[in-house]
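Here chain A shows up in two complexes: once beside chain B, once beside chain C.
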Partner chain A sequence: MTEMLEISDLTVHFQINQGAIEAVDHINLTIRRGEILGLVGESGSGKSVTSFAVLRLIRPPGRVVSGSVHFDGIDLGSLPAEQMRRMRGAKIAMVSQTPRTALNPLLTVGRQISRLLMVHAGLSTREAEKRMLEMLRLVRIPAPEKRANQYPHQLSGGMCQRVMIAMALATSPQLLLADEPTTGLDVSIAAKILDLLRELSTKTGAAIMLVTHDLGVVAEICDRVAVMHAGQLVECAPVRDLFHNPAHPYTKALVRSIPRVDRDVVLEPISGSVPSLINPPSGCRYAGRCEWTMDRCRVSRPPMVEAAPGHVVACYGFEERRGTC
Partner chain B sequence: MALVEIRDLQMHFPLGGIGGTLARLRGQAEPVLRAVDSVSFDVEAGETLGLVGESGCGKSTVARCLVRLLKPTAGSVRYAGKEIATLDAQAMRPFRRDIQMVFQDPTASLNPRLSVRSMVEEALTLHTKFDAKERRARVEELMHEVGLGRDLLDSYPHELSGGQRQRVNIARAIATNPRFVVLDEPTSALDVSLRSRAILLLEKLREHLGLSYLFISHDLATVKYLASRVAVMYLGSIVELSDTRDLFAKPLHPYTRALLAAVPVPDPDARRDDFTLAGEIPSPIDVETGCRLRGRCPLAKPICAEKPPLKEIAPGRFVACHLVSELCP
Partner chain C sequence: MFFFNYVTRRFALALPTLFGVSVICFTLTYLLPGNPAMVKAGPFATPEHLAEMEHQMGLDRPFPEQYYRYVSGIFKGDLGESASTGRPVSQDFLQRLPATLELNLASLLIAIVIGLPLGVLSAVHRDTLVDHIGRVVGIMGVAMPSFLTGLLFVYLFFYVLDLAPSPLGRLGSGIEPPAHLTGLYVIDSLMTGNWTTLRSSLHQLMLPAATLGLSAIAPVARMVRSTMLEILESDYIKAAWAAGLPRRTVIYRDALRNALIPVITISGIVFGFLMAGNAVVESVFSWPGIGNYAVTALLTKDSAPIQSFILFVAVTCVMVNLAVDIAYGLIDPRIRFS
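Up next, the complex of A and B:
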């Protein structure tokens, strides 16, 4: 089996006073060894919740209602808490969106990385120290010996992000969940971080799930892309297919809504907004914003069908048009 | 005459602390952070000038000097022919209604204890002679202008979404019918779909109200969409200033070229320019003499030890690089 991560039928709800927020709704996803999967969509589409669910970090009022997550053949949901804890950081690592708050402000960055190595890889203090410096060099932190002795507040945002990545990669994880790893960084630093992620997956065969809303980043380094809208997966395709032949109207709208440096475009914002996830519309959740909406879109949820080899889409409108174009 | 003319603008921040005290005692010059060094440009009436560069290059400091939230250490800022760089707060007041600013963080720039109505109305109370009824009518007109429903007038910032908050900021900025608006990363905090709507709104307002913008951003794609001309800043200085189309078609300064090459393009088959700079942006405290990019530039030559002037190499195209004749034969 080459699947590193297999998410089947995952549903996550958050129970609040007004009802249940259906944040992730019956998602199926797989990532192969050495593959980079991009997970895209607007804010509130459930991208981050999906990655938290993989790590089993959904806390009340959140609840995994159904589904399973298999990592390298192991059902993560059935692992005892202690084994799951060892999995995190060692085999599955995460790079979060806010590096400064994810780092411990009271420890020097070097200490944070070497501690992790002592806990998860069982290294001695000296070995951990040595490996920590190697990692800082790997993520191209200038003057690593000096930086290792500094605290997060003494580093720039881009540097904190690289420290987070060094930390995530320190134990050579087999799966990396990167949640908007380049958002808010300057382009030159962002480009370096993307190169680093690409290198990691080719060199160590790690699978990467890259959560982002930047389609440029997706085109740059992803092999496959999954598009989420309002907690549902609407399309999943190899990266070229997705950009050249997007099948779902939401994917098409997403591509048309961004200004770009490489060509002149007419901006078309996506109409409407993400529907409320408390008692969301039954059927397709994009129906309220879609130009292809038919009666049955509002009644039942379109199933995933294959548009091309390896390219799946959930849209009745696409099925209708398939013969004609 | 351009609407806004900036000449040799300089903003240095004294570092203070023990280093400053020691330098003073020794009779030496106090160490300073050179945030902005001899920056000159014009903003013509009705145009959008984009100002781009990475964090710490001094773009926001330029903006703050223009709207006089900071008093520049040297240089001149002329608005409609009048010098405003040296005015005190009192003398600056009449200019405030003409020169407005929208800040990056839509939440932090709103007062959490005031309703939308009172925030937008405040600008009118301070700067116009409208009576209560006229103010009320104007506030409603502004809400319509920025695409917000009248039902939101009595809401507080926490009840609004990020996109709605930024619209309130824009409504407040255009309330006094300004002629010049400085937009400091107005779309950075917004989600993809909201960002494109905010971009279209800004463009509509500029055309509709005859505004001029200084649009500051590190998002080059948005700058390309909105700006007619672009100035690129590096370490406190402008390295290239050009028509937007020419700049994106063929960046000339090595810094501009590296910056554009690093932007991820939403096309998996795009050919990449692999031009990159070595190392990191140096500290603006001990700035190198000569070309500030010298230490990182793969093309650097001995002549780069001299400071390159911002030279006009084609009509409207300015580049500060000694090697520009080689880059553009």
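Up next, the complex of A and C:
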């Protein structure tokens, strides 16, 4: 059993007056130990919802309609609430996409880290402080003794993100859910944060699920990539494979939309926008935007098929063309 | 040091407000119909006598000069003289102030002790039975006029159930007031260990404080609820859940502490509101405070006490706001260090 996280058939709906928003639709996904998996898609494709579902933090009007999440062989869905709470932060930690607002404004950053150590690792105040300073050093915050006594509003955005990462890693979790960890940071800081994540993952052996809409970020640090569109998983492949041989038309379009400096190419935006997820059509949700659309794409959902070893894709058009080329 | 500057700045900002208040308060009474000299001189005064009286009282001087005399009087502690008691208003006020403070503080305490948990429960159990009950209780408290709740309470708890004493003043008959320390009977008797007086003063305070407090529960509870709802949806609370902090910590430490800032604001507003509302309750319960004094003055057209009451309420509001600003700084590091 090498799978650390196994998401099977996960479906999440949000009930609103006009009907159900089908935010995540029958997703299957696995993450191995020490692996960095990129979860990519446009805004509103269900990436963040998936990571909240892993932590069992979908709250009304949201609801997990079907599926299961196994972590280290344990079915998280059947865990009693209190045990699930002990999982969060201790075994599965999260780094939020909004470092500035995800820290409590009324507590010093040091205290926010050390209290987690007290709650999850049962450390004494003293031990927790010591370990907290170690963590701040680990994420390369200069003058940690001084920073620990400051409040979030006194720190820069990049600094807050480092604190968030220190907080997430303080309890040595086995899985880190990083939700757009570099949004809102300028490029050089973002690069440093990514290096840090990669390095810490190698050092501590933690797996990372990196939720992002930025393929550049994915190319930089991920081992494997899963592409989501409108709540559905359309393709999943090792990172090189995905960039060189994208199989799904949506992935192809995403790859084409990356700006490049080495070649003179015209950027192609993806036509159309993410379809409404309120009572969506039963077939492939990309059908309305796709150049390959056939009749059956609109009727039934294409199954996941293997395009290459370790590379799966859900597309009728791909299956059709595979024989010919 | 930051904090000291902050407090000084707040103080400086309160001064123009106080100046404005004194101008408005003076102008209002200046414009009121009726001649104070006529009240003082009596109904049978001759025109000469009246003119003499006006001159004595300075009423024939131009408006700015009269205002100047009024303000310098205030600084010397001279608030004028009450026509009905014949004593300086400042003396009457000082004597009655502790009674009012005791009643208002007790009401505020009731409003917070009930309103705060009610608001938290309503937010945490949003749209459930708890929330609906909280809403109904709150609306009833606001909608019922204080004189009516007061009378109902007296009828129910004094007349029918005999749980409360007769609604006449701050102490039961035959009970000596405690040694004067703060003037608040409950605190004074606690400090001097005078248990009989403590019991009696609490007993007397119970109904008026409940009446006044009831009207203030709703604003507190509603404010706590809406702030809590907003904060429970915030990123740092989501992050706190995701970090596996226990429910108690997330709700009562992280969320509630952040919600306290608006709660302090509303407490300040409520205190000012109680200051004005207590006149009615003091009358119903024959409470010897300044509200009762002002109502009596109003009925006898005694202008100096009315003027002083308005000024006093306004100054209290300014002071409470100042205290609120300082409390913000104590709670919120973003203000303390900016």
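Please note the rule applied: the second predicted complex is superposed on the first by the 322 of 325 C-alpha atoms of A that agree within 3 Å, B and C clash if a C-alpha of one lies under 4 Å from a C-alpha of the other, contacts with A are read in each partner's own complex, and residues count from 1 in each chain.
Here, a contact is a pair of C-beta atoms (placed from the backbone, for glycine too) under 8 Å apart; a residue touches a chain by one contact, two chains touch by 3 or more.
The structure presented is a predicted model; accordingly, all values stated were derived computationally and were not measured.
> Assess the superposed three-chain arrangement around chain A: do chain B and chain C clash, or do they fit?
Result for chain B and chain C: fit.
> Which of the two partners, first being chain B and second being chain C, lies in contact with A:57: first, second, both, or neither?
Second partner only, chain C.
> Looking at A:105 after the superposition, I want to know if it touches chain B, chain C, both of them or none. Which is it: first, second, both, neither?
In the superposed model, A:105 contacts chain C only, not chain B.
> Would you check which partner chain A:133 touches, where first means chain B only, second means chain C only, and both and neither mean what they say?
Neither partner.
> For A:90 in the superposed arrangement: first (chain B), second (chain C), both or neither?
A:90 sits against chain C, while chain B stays out of touch.
> Is A:120 contacted by the first partner chain B, the second partner chain C, both or neither?
second
> Report for A:257: first if it touches chain B alone, second if chain C alone, otherwise both or neither.
First partner only.
> Could you tell me how near the closest CA atoms of chain B and chain C get once both structures are overlaid on the shared chain, in Å?
9
> Given the complex with chain A, which residues does chain C contribute to the contact?
234-236, 238-247, 249, 254, 257-258, 331-334, 337
> Within the complex, which stretch of chain A touches chain B?
42-43, 142, 156-157, 184, 186-188, 190-191, 194, 213-220, 239-240, 243, 254-255, 257-262, 265, 267-270, 273
> Under the touch definition given earlier, write down the residues of chain B that touch chain A in their complex.
54-55, 188, 191-193, 195-197, 199-200, 218, 220-222, 224-225, 248, 258-260, 262-270, 276-277, 279-280
> Which residues of chain A touch chain C in their complex?
Within the complex, chain A touches chain C at residues 52, 55, 57, 85-90, 93-94, 96, 98, 101-107, 115-116, 119-120, 151, 153-154, 164, 167-168.
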